[in-house]
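Dropping the structures in below, format is structure tokens.
Common to both upcoming complexes is subunit A, partnered first by subunit B, then by subunit C.
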Partner chain A sequence: MTRLAPWLYFAAAYCFIYLPVGALVLFSFQEGGLPVPPFKGPSLKWYAQVLGDDDLMDALLNSVVVAIGSGAGAVGLGFLAAYGLARHTLPGSVVLRGLLIAPLTVSYLIVGLGLLIVINRLGLGLSLWTAGIGHVVINLPLCFAIIYASMGAQQQNAERAARDLGAGEAQVVLLVTAPMLMPAILAAFFLSVTLSWDEFIIAFLLTRFDVTLPVEIWSLLRSGLSPALNAIGSFVFLISVMIVLALELLVFGRRRA
Partner chain B sequence: MTAPVTFNGVSHWFGAFHALKNISLEIGEGEYVTLLGPSGCGKTTLLSVLGGFIEPTEGQVLIGGRDLTHVPPAKRPTTTVFQDYALFPHMSLRDNVAFGLRMAGVGRQERRARADEQLALVGLADAAGKRPHELSGGQRQRVALARALAVRPDVLLLDEPLGALDLKLRRAMQDELKDIQRKVGTTFVHVTHDQEEAMAIADRIVVMNAGRVEDEGAPARIYRKPATLFAAGFMGEMNRIPARASGTGVETPFGPVDITPPAEGALVLCLRPEAVKHANGTVLIGPATVRDAAFFGTHCRVHVVPQAAPDLTIVAHLPPDRVPAAGETLALTAEIDAISVFLAG
Partner chain C sequence: MRNAARQTLRGWGFTAPALLWTLAFFIVPFLVMGAMSLATLDGRTLVWGIRFDNYAELAGKAYLWRAVVISVEITLTVTIVSVLLAYPLAWIIAFRVPQRWQRLALLLAILPFWTSYVVRSYAWLLVLAREGVVNQTLMGLGITSEPITIANTRFATVTGFVHFFVMLLTLTIYANLIQLSPNYRRAAMDLGANAFQTFVHVVLPLTLPGIITGAFLTFVLCIGDYVTPQILGGNTELTVPQVIMVQLGRRADFPLAAALAIVLMGIVTLAYLACARWLRLDRL
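Moving on to the complex of A and B:
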């Protein structure tokens, strides 16, 4: 019994985490019209319906674009901020660093509302761009924190050596600093992409005609449960898994090598 | 490629700390110079001033006759071998070594060839495709050397380059460094706190302390006839014997020594352990009691107390053929040539 207990606990914990996802995926293959038990036999018709739905496919593509674009933006800005603050002593460095990280503690709803007010004031009009800007705002602190934390004396010495060998500042950053920090940069990028991919509130507040996938799913949900939603959910889950795998292989695999 | 270096009244402050105090120094073309001193003496700061990493508060740095005091490292004809090697971990050894050539705009083919040539010079020709983390400490050291030499600098700066290596490897690398320096003919400026390393390697040693140059010259001269009490103590083990000036000679606890005193008053007489001999020396120490003795292979290290001065303990390196027993009485002398006298203080 005492030997079994850890295994039971292990199984229970993983059930707790994966049962909802498992149920979601299972009922995406439901033959009937409702994603609830009993399971009436496998069918791919909901997948066919989802793949044939242009609005959904557009939203999926929008989500990919916003996720990659905002991820790249957040990582770029985060890297520059981290490099600047790690390599130069500025007046009020501590305050600047704090201000960069502080937005992590603000709820997405508040960030979204704030941006909505600013964007309306500026008369920019809501679009995927504004949703992307919103995602850069929420992911920048995270990217900054991850990259800043991995900037150590090792890079600094290598940068010094590069300057000694005739490298200009741009060459130092492109040929030495960024490649040496690549694991942290990739980790920050994939994390941003994943968070943007899942994000609903800001995308909901800051988009209008072109929407991202979570917003599209939400509007479908209003017309009731359907196995089609499960199929979309399974898709989203599959893509998230692929991102995590890519992260694992590209970043952590590289670190082990 | 090689050039002389001149420091002209160089001073530097880190905030309120006076790190370099009006240093003027000439380093000849193709010379191997070591800057020797304890930590905090300013030797690394002086090297950083030469490399362009620190702009001195005052004074000038001339390389090959040109004033480069305010020129950044990238534009100087100097390169540095850093203490922690600072290799680029994401590049192969060949790309590491070729980096400076790439920055100088040398074409891919040529820089590959020149990098391979440099790797061959340091004995790593077949490892060109490897990454730095696959190498041992000594091999990384060689890559750092090859990388710094690849751009054919006029002056190569070495910042405690052998500090992280074990003793045996350090001795081997010293010989190799000297050898490579002779081959390439570049001026080498090497910072170290290890006086044996300095003596093993340098044409000329510059002994530094508290931001000043204490002594400079050939290793043997500095060892035998140091200019200051600090240089005497730093260059190796030394017996410091309290003495007084008396006329044209010096009075010591074990008798008068015929050596010209630098001034009146309290003096310190410096005597190297190996200058103490059984007999035939020109200075008489007289009968001395052995306190303890240890066998070191090349010599016996013996603590002796001269009977004329019971409060004084002298360290002597005596011939290894016989290890004296504790309590034994020996008749000792010393070589006058190996004795220096300084003002106490």
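Moving on to the complex of A and C:
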């Protein structure tokens, strides 16, 4: 019995973890109009409906654009700051690092609320741009921390060698440091993209007419349970899993090999 | 000397864009929000000033104060339950699952983590709704004859949260457990401790910083979340983020929303101070 107990717990835990995802995916193939038992089907009609829905597909495209754009912005800014702080002695560098990390300690809701208040005061309009700015704010600390942590003496020696051989600062950064840090840069980029792709509250507060996918799904939720929501949810899950697997194989797989 | 000055200048050049971004889009909005919390609304026009009317309103109005209490209660429940459920799972993966399957077991344990954030709460609604999986199963097995109300209760909110944070905590606690040298456990066993004593006196104290760090992260993410209580808890018991959204939407009362946000940060700060001596945020 005591030998078996851990495995029973193990099985129960995985059932708990997979229960909602299982229900989500299973009833996305529901034949009827409600995603609840009994299961009838399988049918792909909800996927057809979802993929043919212009609003949803526009929102999906918006999400991709915002995720990649804000991911690139956050990685770019984070990389430059990490290089600046790791390779140059700046006065008050502990304070500067703290400042760059600070947004991590605050709820997304508060980051979004602060930006919303300022944008309202300045009389500017809300758009995908404002949501993108918010996403860079929340992802920049992560990108900075990941890249900063992986800047070691090994790269520094290569950078010195490059400088001795006559490379300019820009050449050193672009041709030596960045390629050597590529695993960390890619990890930071993929993490930012996944977090932005999934982010709801900032996008909800900072967009108006053009919205991202989570915001569009949110507005569909008001009409209650529907297999169409299951279908779009499963579809989004599939995309996220593919990004995670790509990250696992491309970045971490390579590092282990 | 001039070379050193030029080096410093260059360092600023690299660091400045990220600093300016954080200043312009995080620090300044944050300060404006703080100032906003001290402003008041006269009808629909905003009056700047240094007045604590919003905070007084928060202390004086029962529904606002209740939101704070409910948020703290839910968050504490979620944090404690999640740690208690995740620890054994992380333990089993670290010490019972064969080495070469551990990475897969861990990957599988956190895969649903990547379900879209909004969709994850909706998925729990499917399970817990009146006609949902749990009720149909209970009735099918003849345990209950009528559907029981699970959705739109605090239990549903807590379940949704616990599901999410069990995955997160399993990952962080596992990372702590495998860093632990097996020698500590062997030494304790050699000195005559049984499995339970080894756990209580050796493993638990050594993994406590990791647990507290994970619990703190859970606390912070949970107390600031709007989506899960809104979808699963419904409008029966409002949490602070839900009340903030009500102020922003229907009432357009930005000063009160800002004050509530400041209170939320205050609670997080208190939580931080309570566990600061164990926190290892740099090791996340």
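Methods note: the second predicted complex is superposed on the first by the 250 of 257 C-alpha atoms of A that agree within 3 Å, B and C clash if a C-alpha of one lies under 4 Å from a C-alpha of the other, contacts with A are read in each partner's own complex, and residues count from 1 in each chain.
Just so it is clear, a residue touches a chain if its C-beta (ideal position, glycine included) is under 8 Å from a C-beta of that chain, and two chains touch if they have at least 3 such contacts.
Bear in mind the structure is a predicted one, so any value in this text is a computation, not a measurement.
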item: Which of subunit B and subunit C A:225 touches, first, second, both or neither; value: second
item: Broader residue contact with subunit A after superposition on the shared chain, subunit B or subunit C; value: C
item: Subunit B versus subunit C as contact partner of A:207, first or second or both or neither; value: neither
item: Touched partner set for A:30, first subunit B, second subunit C, both or neither; value: neither
item: First (subunit B), second (subunit C), both or neither touched by A:182; value: first
item: Contacts of A:166 with subunit B and subunit C, given as first, second, both or neither; value: first
item: Which of subunit B and subunit C A:17 touches, first, second, both or neither; value: second
item: Subunit B versus subunit C as contact partner of A:192, first or second or both or neither; value: neither
item: Partner chain(s) touched by A:84 [first = subunit B, second = subunit C, both, neither]; value: second
item: Subunit C-contacting residues of subunit A that also contact subunit B; value: none
item: Contacting residues of subunit A [partner subunit C, same complex]; value: 6-7, 9-10, 13-14, 16-21, 23-24, 27, 34-38, 77-78, 80-81, 83-85, 87-91, 96, 99-100, 102-103, 105-111, 113-118, 120-121, 133-134, 136-137, 140, 144, 169, 194, 198-201, 205, 213-214, 217-218, 221, 225, 229-230, 232-233, 236-237, 240-241, 243-244, 248
item: Subunit A partner contacts - residues on subunit B that touch it in the complex; value: 51, 53, 72-75, 78-80, 82, 84, 86-90, 99-100, 103-104, 147-148, 151
item: Subunit C residues within the subunit A interface of the complex; value: 7-8, 10-19, 21-23, 25-30, 32-33, 36, 85, 88-89, 92-93, 96-97, 107-109, 111-112, 114-120, 122-127, 129, 131-133, 136-137, 163, 166-167, 220-221, 223-227, 231, 241, 244, 248, 254, 257-258, 261, 264-265, 268
item: Subunit A - residues contacting subunit B, complex; value: 154, 157-158, 160-168, 171, 175-176, 179-180, 182
